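Next come two complexes, and both contain chain A; in the first it sits with chain B, in the second with chain C.
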Partner chain A sequence: MTNDESKRFEIRLSGAGGQGLMLAGKLLAEAASVYDGLNAVQTQSYGPEARGGKSKTDVVISSGEIDYPKATRVNVLLAMSQPALDEYEPSLREDGMLVVDSQLVDRVERDGAIGIPFTMLAIEECGRKLFANVVALGAIGELTKAVTWASLRSAVLARVPKGTEQVNEKALNVGRDAAKRVLEGRGDG
Partner chain B sequence: MTNDESKRFEIRLSGAGGQGLMLAGKLLAEAASVYDGLNAVQTQSYGPEARGGKSKTDVVISSGEIDYPKATRVNVLLAMSQPALDEYEPSLREDGMLVVDSQLVDRVERDGAIGIPFTMLAIEECGRKLFANVVALGAIGELTKAVTWASLRSAVLARVPKGTEQVNEKALNVGRDAAKRVLEGRGDG
Partner chain C sequence: MGRARMAENKKSSQVLQGNEACAMGALAGGITFFAGYPITPSSEIAELMSQCLPLAGGRFIQMEDEIASMAAIIGASLAGAKVMTATSGPGFSLMQENLGFAMLAEVPCILINVQRAGPSTGLPTQPAQGDVQQTRWGTHGDHSIIALAPSTVLECFEMTIECANLAERYRTPVVLLLDEVIGHMRETVVLPEPSSYEIVSREEPASGLAEYCPFECDAERLAPMAAFGGEYRFHVTGLTHDRHGFPTMVPSEVDSKIRGIVDKIEDRADELSDLEEFATEDADVLLFAYGSTARVAKSSVRALRENGVKAGLIRAKTIWPFSTRRLKELAERLSLVVVPEMNLGQLVIEVERAVCGKVAVRPLGRVDGHLFEPDEISEFVMKEIGR
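Our next item is the complex of A and B:
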């Protein structure tokens, strides 16, 4: 947890349909709850705001009870597409962390946004773009420390189809390493 | 919608892990939003309440905005296992509808509960128990009219793996027919 003010931590994963963000949210929520012993609630909204090819899931993590599952002051926003960034950037706290797929997002207004080419890394390092969600998850894990690395790894390996454990673990590590390079470049790492 | 007091309708799908309830909730939410033009929010909780093999997802459907996505006064509870029924029955409104898998739930306290052997029907009519979630969805659709049948069918057919459209449509119809028999038996149909 990077948020000392409150035990509540809100992560919004957004992008286009088909990028596997719902699964990423589920894995994050399971890492937090099943493996780290925290509480987690995952929410998806359908309807006007979710239309136009945008996809979004929110994960609220807390060491306390989660009375209000809707994300209202997002601590971390992942944007895997330009329309998702444009739509959800205003929901991010002023001191929040913005993480974008740097190959799929062209215009970023916010200072300090972190750009990592998740989809390109998935294709180049793991052979298929469908691993971009797990690459992103590895980066989010490293950047936020919202869940422990061991828990994130366990949650991913417990859920992915048999026979794909190795490539998914690689995807997770590719994301973590990319995040580490960003942090080192900033002098935070 | 069977609820005239409010535009808000809460459906809680509960059972054991592996019964496909998350997907059922997603299909219901998509039927409501993408195809019926309503708003829908789906929520999953992880943590103490979700442990012990229980699985639960809530779908809130409304023609208006959904400010509070947490289900607080559940209109319809589907229970596909005894532990799920025991845990979530208290969340059901007094005038709410309880629907249980009659082969997997043994003790039901509430008068007027609707029992349908979803899993048995899935095995006998569709060849595999993994269709039990879609059988249940067909029944919920018929019993609640929370979404139109055309929308439910479209949502299911758009999401299921290619090549399984026919058996999934059959599962949906098996659920609807079972629900119709219940309603006819009660003189509601």
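Our next item is the complex of A and C:
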């Protein structure tokens, strides 16, 4: 009868339309499910605009059955814009982890929030800001260990357009390295 | 899911979206023609059909609107194709007139409606379950309809196949009612092997008949439908017609036509009805739900049980025709039925009708463009039972 809720791990990726967060959520769900063998459900919420506006995707990962498809008590919140942070911060658990794009978000109230300039790193290290979502995925993977690194890498490389594997792998690694530096700086690394 | 099964599934499992699974179900179910006008939140169905259907030897047409889309699938079906379209509320409204034509002319077809919040343009990207009664009564005149509602991605696949089968078996339009949550949700799924599901092919009339009557139909027996362009020439019209397809005003012929298209579905309500029960054996409080709301209701049943309330769930996989049999049985021993829906009370009307006042039925509606919260339904139940 009971379905152990403690098995649920909820990740909410939020920002603005066009930042590639839906795709990031899909890749995370595939890493957890197809490659790690867990159950995963991904849902999305966005406005009617083609670009801009708030956008979020929830990825729920569990070794048990997932009835409720959306996140409710978020374990990890990624905010890639200030409006998204302002709206979704209350959904984050007290002991949850907040990760923000430190260049796109300037008002962070929560103690212990992790700031990484994903978009700037994407431009500087990978040549285009459209890799910001994969840089962020690399960081989320390292910070949360919600999926194994091998699975995350496989999921990303299986989905990206042919010929972009190398730069996407680089983007993942850039995110992971940035996350490692944060953890080392805090002494948890 | 046990570890062993998880490992076994690891290879064949995939993460699919509800809409994608509908398109894959359509291909698996033998759909050969799709006409549509893409609309959020159903667009991925048209998108995937446009990519895959031509490769499978079928035809995809993007029409100028939903009226034309519906007309095109009716035409293609009459020419022998297995047909489908997909839309959302605004498009579903435009399809109603031709939907009625397909019912009267007894033309098999599938409409997928991924419900978004209405009325009118409403909230294009947000979920609702507001088209449940429109599905039943959206087109004018006496008629009946078959409608199924999936709650999982796997069911999106399986039910699309089932819709194709039902449409052919009963020569009628069939609606698959998703909501935005289910249409856009991605979930771990292992699709069944093609050999594991049944595909119903259209029955063709015998060759060389002296007289072919395409509308010799009643509740029991439906005439096989000849393909246009083939051996038999016949007339199809939206006017009430006789067994040959020609307009008639003869009262007995009109009466048997209308009763025929209604009874062929309504007489089979119990047989067609598919209800999934969860923890109903000893239930005192019953939740009755469908679509994404049923997933929330299942969480609510677990939460209520943890609080000592004997709650159970009926998840309606078939919405129309509405079977009252199981509800009538359960009504004798229940103290409360709660019907959560993302509308202001649509299927609850049928639930009330089924239990005939033997048990209190309470609607719980949500129309703000969001799915219920997990605690919302259980808290409503606790309040209703005074705990």
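Structure notes:
As a convention for this text, the second predicted complex is superposed on the first by the 177 of 189 C-alpha atoms of A that agree within 3 Å, B and C clash if a C-alpha of one lies under 4 Å from a C-alpha of the other, contacts with A are read in each partner's own complex, and residues count from 1 in each chain.
Convention: a residue touches a chain if its C-beta (ideal position, glycine included) is under 8 Å from a C-beta of that chain, and two chains touch if they have at least 3 such contacts.
Since this is a predicted model, take the numbers as computed values, not measurements.
Contact with both chain B and chain C is seen for A:40 once the two complexes are overlaid on the shared chain.
By the document's definition of touching, neither partner reaches A:113: not chain B, not chain C. Of the two partner chains placed by the overlay, neither chain B nor chain C lies in contact with A:21. Applying the stated contact rule after C-alpha superposition, one finds that A:147 touches neither chain B nor chain C. When the two complexes are overlaid on their common chain A, residue A:139 makes contact with neither chain B nor chain C. Of the two partner chains, chain C is the only one that A:63 touches; chain B does not reach it. In the superposition on chain A, A:72 makes contact with chain C only, not with chain B. Within chain A, the residues touching chain B in one complex and chain C in the other are 26, 29-30, 33-34, 38-48, 66-70.
Of all residues in chain C, those touching chain A in their complex are 1, 6-7, 9-10, 13-15, 40, 124-126, 181, 184-188, 279, 292, 295-296, 298-299, 302, 305-306, 371, 373-374.
Contact residues of chain A toward chain C in the complex are 1-3, 26, 29-30, 33-35, 37-48, 63-70, 72. Against chain A, the residues of chain B that register as touching in their complex are 22, 26, 29-30, 32-34, 38-48, 50-51, 66-70.
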